[in-house]
Each structure stands twice: as C-alpha cells, then as structure tokens.
Amino acid sequence: MNFFEFLISRWPTILSLTLEHLFIVFIAMVISVTVGVAVGILITKNQMAARIVLNVTNILMTIPSLALFSLLIPVLGIGKIPAIVGLVAYTQLPIVRNVYTGIMTINPAILEAARGMGLTEKKIMRTIRIPLALPAMMSGIRTATVMGIGIGAIAGYIGAGGLGVYIFQGISRSSDQMVIVGAVLISVISILTDQFLGGVQRKLNR
Amino acid sequence: MVSLRSPLKIVLLGSIGVLMTVWVVENPQDSVVARLVTYDKVWGLLLQHFYLVGASALLAVVTSVPLGIALTRPRLKSWAPRVLALVNVCQTVPSLAVVALSVGFMGVGSRPAIIALWIYALLPILSNTLVGFQEVDPAITEAAHGMGMKAWRVLFRVELPMAASMIMAGIRTAVTITIGSAILAAFVGGGGMGNLIIAGNNISRAQVLVLGAALPVLMALMADLFFEGIEKRAKY
Amino acid sequence: MIRFENVVKRYPGEATDAVHNLNLEIESGTICMLVGPSGCGKTTTMKMINKLIRPSSGAILIGGRNIDTVDTIELRLSIGYIIQDTGLFPHMTVGENIAVVPGELGWKKDRISSRIDELLDLVDLNPKAFRNKKPNELSGGQKQRVGVARALAGDPPIMLMDEPFGALDPITRARMQDEFLRIQEKIRKTIVFVTHDVEEAIKMGDTIAVLKLGQIVQLSSPMEILSNPSDPFVSELIGGRNSLKMLSLMRCGQIMKTLSPAEVEEARGSPQGILGMKATAQDALSEMLRTGERFIFVEDERHDVVGVLDFENLLERVNRHGITS
C-alpha cells in the first residue's frame, strides 16, 4: 500500500484522532490559562508566594512528560483525565511566569503617575497593570499552547487518544506510514497554532 | 558565592539520585522489581542515556556553531534572518514528532534516536549563536578591523569571546531539553532511562516508574547548574 | 495654601535626612519653584504633598487641614500630578488618559467628553486630531501637553510638577514654559514646580525655594534671588550675569515711560526699534544694541506706540535692586 492509498483508506481515523487531539489540548489549555492567569495575578501580591510558585512550576516542567503522565496513572487511572491534568500542570510555568513578570515589570513612571493621580491599587491592577501585561501574557499562552500540543502527543501513550496514538501504534507495528502521518500532522498543527497565536500577540503589542 | 554553591548543589542532586537507586535496589516492592532494577542495569541505562545525550549534543555543537558563525559572515549575512525564522518555526515542532519522523525514515535503533535528538538540539544552539554574534556591537568589530586585525583574528579574539556566553546559554538549553527528550529514545529501541519508565508502566510498579522519572530530572537539573556555571564564566 | 511645618524625611537605612526640618508656605494661586542640584531633596519634598512619600516627622497642611487626616485617594484626586516621563498610559488614547480622574470623580460621560475637548484646546492641541491618538504617536512636547491636560482634568486646586519639561529640547522647552505661564494666568492654580534649572525657576516662579542637602537656603522672589543671593551656594547656582537675568524678568510695559499724544505724534515715523508691551527688558537692551540707539518705543496690541524705554531707565531699574554680584 503506498502512502497515498494509506491516507485515503485511513482518513476517517486520522481525522477523528486529530479532532480528539485538538479537543484534549483545547480543554487543557482553557483550564491552564484560567488557572495560570489567576495564579500569576495572585502571586504579584506576595513575593514569597511568587518565589515558591515559580520554583514549583519550574521543577514541574523539568519532569519528563512521559514520566509525569506515567506517575499520574496510579492516581487517576488511564485516559483523558490524567492527560488533561498532566497538560495543565506542564503548561503552568510559561503562563504563570509571563503573567507575573508582565504585571511586575511595568514602567515605574506609569505606576507613579497612576498612584499620584489617585487611583487605588485595585484600580491600577485592573486598568493599568493587566492591560499593559496582555502582550506578555499572550506570549506565555502561545508558548504553553504549542508545548501542550506536543506533550498531548505523548499523552497518547497513557490512553488519552489523539495523534500520539498513531505514532506509538505505528512504532509497535512497524508501520512507517502511521508514524509519519502522526508526526507530520502534529508538527503542522504546532506550527500553525504558533503562527496564529503569534499574530494575535503582535496585534496586542500595538 | 555561585562558584561554591552550584558544585555543592550538583553533588546534592547526585546524592539524591544515588540514594533513590540504592533504596529501590535494597528494598524492592517485590521480586519483579528486584529482578528488573539492579545496580548493573541502572548503571547501564544511565550510561546509555549519557551516550544518547552526549553524542547528539556534541554533534549539535560541532554543526550549529560553525554554521552560526558562517551565517554571520559578510557573505552569508543576508541569509541569517531567514534561517533564524526557519529555526524558530522548527523549534515549535514537538520532540516526539521529530523522533517519530526519524524512525519513520530510518527504522528503529539508537542511530535514528541520536539523529532526531541532534536535530532537535541543533535549533537552540544555532539560534543563540546567530543572536550572540548579531549582538556584538558593530562599533567594536569595526574598531578591531580598523586597528589592522585580520578577519579571522577579529572572529576568534573579539567576536567569539563576546558571543560565548550566549552560545553557552544555547548549549545549556539544548542539553537540558535533550536529557528529557532522550527518554523518548526508549520507544524506538534507543535505550536510556526511558526503558525504566516503560518497564515500570508495563508491570505497573510505581517504584520503577518513580526511579525512571527521577533520574533524568536529576540529570537535567545537574546539567542545568553545570552549564549555568560555564555560561557565567563565559561572560567577559 | 500649602504649609510644611518642620518636615523631616529620612529614608530607612540612610545616615542623613533627605529633607531636613523644612518649613515652607506656598500661597494659593502662585507658582513655587523648588530648585537645587540633583539629590537635594526636591522630589522628596514634592511627593510628600500627595503622600507618595510619608514624612518621618512634621506636618503638612493644605488649606489648614493636616493631610494625615485626609483620605489618600481623595487627596490625590484633588492634586494634579505631572512628572518628567509624563507617565501617560500607553494603552489608552489621549482622551482616555485625560478621562481617568474625572471618571474616578464620577463625572457624567458628556461632561467628561466636553472637558477633554476643553483641556486639549487649552494646551493648544486640536481635540479632533488628538483625542483618539495613542501616546506613542505623539512628540515629546505633545506628550507633555497631554500630561498637563490630564493633570488639570479634575480641576484640582493644586498641581505638582516634577521637572515636567526636563526631557524636552531647548526650543520646545521654552515654548512649553511660555504656554504654561499663559495657562496659569487663566487657571490660577497653586503649583509646586520642581526643577534643577535655575533659568526655568527664575522664569516661571512667583517664589523660589533654593534647596541644599534637604534644607531651604533661600526662599524669595526671583528678583530677590538675583539681586540678593543669600549665600555663595545660591550665587554659584545662579551662575553670574544676574543683571541680564533680572532684565529678563522685567516687562517693557511695566517699566516704560508713558508718552503723551503729542510725543506719540513726534515718535511716529521715526526709525527707532519698536517692541510689544510683553517683551522683556532684555529684549529692549538687545534691540538698542542692534539699532545703536539709546532708546526704543513700546507699542500696545493694536500696534499704537504708547511709551518709551531708554538706556538710563534700564540702568536705574537694575541698580535699584542693589546688585551685589
């Protein structure tokens, strides 16, 4: 069976795996962004908490994704839930860090002007700090999402479905075609997502 | 301060790894674990992991640094931005996809694994080399040329030292990422610590899993500290 | 009226006071310039007024009320604040920047909108063209104009200005100073203006407080500072050529001799130089040097000659202030 025939005969499977992949990553990212942004904002109020949280997320990220997913199996079983939990944990660092630094590294002159004008700290957070940190936040979300797509493939190993399944099955069945289709599709999705979010980021930057 | 603290941390991390291994080998959950995790086996996998990372990182350094230097010479300079853009796009490709692609084209074994890891490690080093050289103040190289230094001397005596810490930062990123990605080599018959994780998964033994996960993490943290030290020293 | 009573500020961990035992009274509707070398405590002094910095001891009173008893936010909303880097909010349009304080004060939308137009007109920016621009589309001078408009938005009785024109080129700077004085004539705010530029202090101030190491070494009118510097530090700060600087403070309209209709008739058609009433005595001297004559005529806004100014007249004016250096 040549490559073309392979694609034609398997396209429903390929499509459903792709959609499954996108679905898992999407759900995980919605949670991750919500949590990450909230945590990133909260820790700006306390330096100690910030250091702890940033260090923890940092360490989380160095744990090999395969290992993290495997470690979740005894706790959460196999399937989509541990995959999503793992993805959320993994993608926290870029989001939390960028939200935090975005909010903390605002030109002091602007903050002083805001204080001098009589804005409360709450109001400054809402109307000055967060809007000005948006491009940095977006950049963190972009990094995290692209990471999530890649790690989502590894989640295929713990039964979460998605395009990773094609890669792992392809390897164990020695089907080069499956492996290549899975790898290429994941790469294309990563690149397109990165370009798209890069565009959003540039728009915010202006 | 830093020069004393980071070796200490490296030793500490290493000891944690040793203690964990000793603990699992001496107190195995059951006979399956006892058979699977022995000092010899762990040591063998560790060496394999080292080999995968070392070989691919070394390949990446000797290819991407000269390439980066070439791309910042006057004749090829105009290509640099395009290469950088391409590298940035490639960096968004997940490591599993790179490993899978190399298997797809070359079959299983440690060779395709090393090639995949090499390509993946090449990207951060190349992009940092390019940026490092581009960031050298043109006024300084101009002054060096103006003093009558030959082009290759300007490169080795002026530009390279100034770009060194940036290049080292690229190598640091590449090595830490590769230590993590090398786990995937186990899937394609490349060996390494990934074998422990997969085995731990197959037989559902948390002890094996944790050990297989912890050792590469410790390795990555140690490498990060080690290269951080070098990177700082490379700062002129 | 703003009053400092024995105000001391020492930053934590410092060995000396940044502001030492400061007593100062600033009349309502006047400009008080705080001038002195970098690090002498000008900014610290100013920021204690809107509580951006808390004094270590002493009291600051505004209109007789100790500011400690006033809610910080309420206090700040009633004080306009302008800094060198403008601190314009880059993500908001010019209009939105100006609308911040009125918004906090709970003004209605229409009122805020018309206030924006009014203020942009006041600072000589076309409202239509500018209210929807972002700060990064503006030149340095335009940013400062918006900064002034924003500070005036809530119609605060007091304005604090920290080297507002410090980052501008000399020409723009001079123009901004002139325009600000013109605006002040209309709005009559109580202004505390920090600068390290003595020329600016002399030009803009009703009173000048010269600071040195956190203490006021002289507090007087510009003319007084020029004619009677209280100590060598002040003389050095002024940097000589005081008489010329004094001439720049006198307006032709104030010191000229008025002419009778007959004399005006006589002057008509004579080739001597003519200046407006608002020109300074320094301009007059320069004009005399140019024409080689010992006198010039002064005309009003309708270009009718109304007076004359001669060289002896200038000499006597300067002498009357008893120049010492």
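Letters A, B and C name the chains as they come in the text, with residue numbers starting at 1 for each one.
Rule of thumb we're sticking to: a residue touches a chain if its C-beta (ideal position, glycine included) is under 8 Å from a C-beta of that chain, and two chains touch if they have at least 3 such contacts.
Please read all numbers here as calculations on a predicted model, not as lab measurements.
Colleague: What topology does the chain touch graph have (line, ring, star, complete, other)?
Modeller: Graph shape, chains as nodes and touching pairs as edges: a line.
Colleague: Count the C-beta contact pairs for A-B and for A-C, then tell me which is higher.
Modeller: Pair with the higher count of C-beta contacts: A-B.
Colleague: Averaging only over C-alpha atoms, locate the centres of chain B and chain C and give their separation in whole Å.
Modeller: 62
Colleague: Using Cα averages as centroids, what's the distance between chain A and chain B in whole Å?
Modeller: That pair's centroid distance is 22 Å.
Colleague: What is the distance in Å between the mean C-alpha positions of chain A and chain C?
Modeller: Here chain A and chain C have centroids separated by 54 Å.
Colleague: Report the residues of chain A in contact with chain B in the complex, numbered from low to high.
Modeller: 59, 62-68, 70-71, 73-74, 146, 149-151, 153-154, 164, 167-168, 170-171, 174, 176-177, 179-180, 182-184, 186-187, 190-191, 193-195
Colleague: Would you tell me which residues of chain B are touching chain A in their complex?
Modeller: For chain B paired with chain A, touching residues are 89, 92-98, 100-101, 103-105, 108, 176, 180, 183-184, 187-188, 194, 197, 200-201, 204, 206, 209-210, 212-213, 216-217, 220-221, 224.
Colleague: Which residues of chain C touch chain A once you look at their complex with the stated criterion?
Modeller: Of all residues in chain C, those touching chain A are 47, 50, 52, 72-79, 81, 83-91, 100-101, 104, 150-151, 160.
Colleague: Give the list of chain A residues in touch with chain C in this complex.
Modeller: Per the stated touch rule, the residues are 107, 109-120, 123, 127-128, 131-132.
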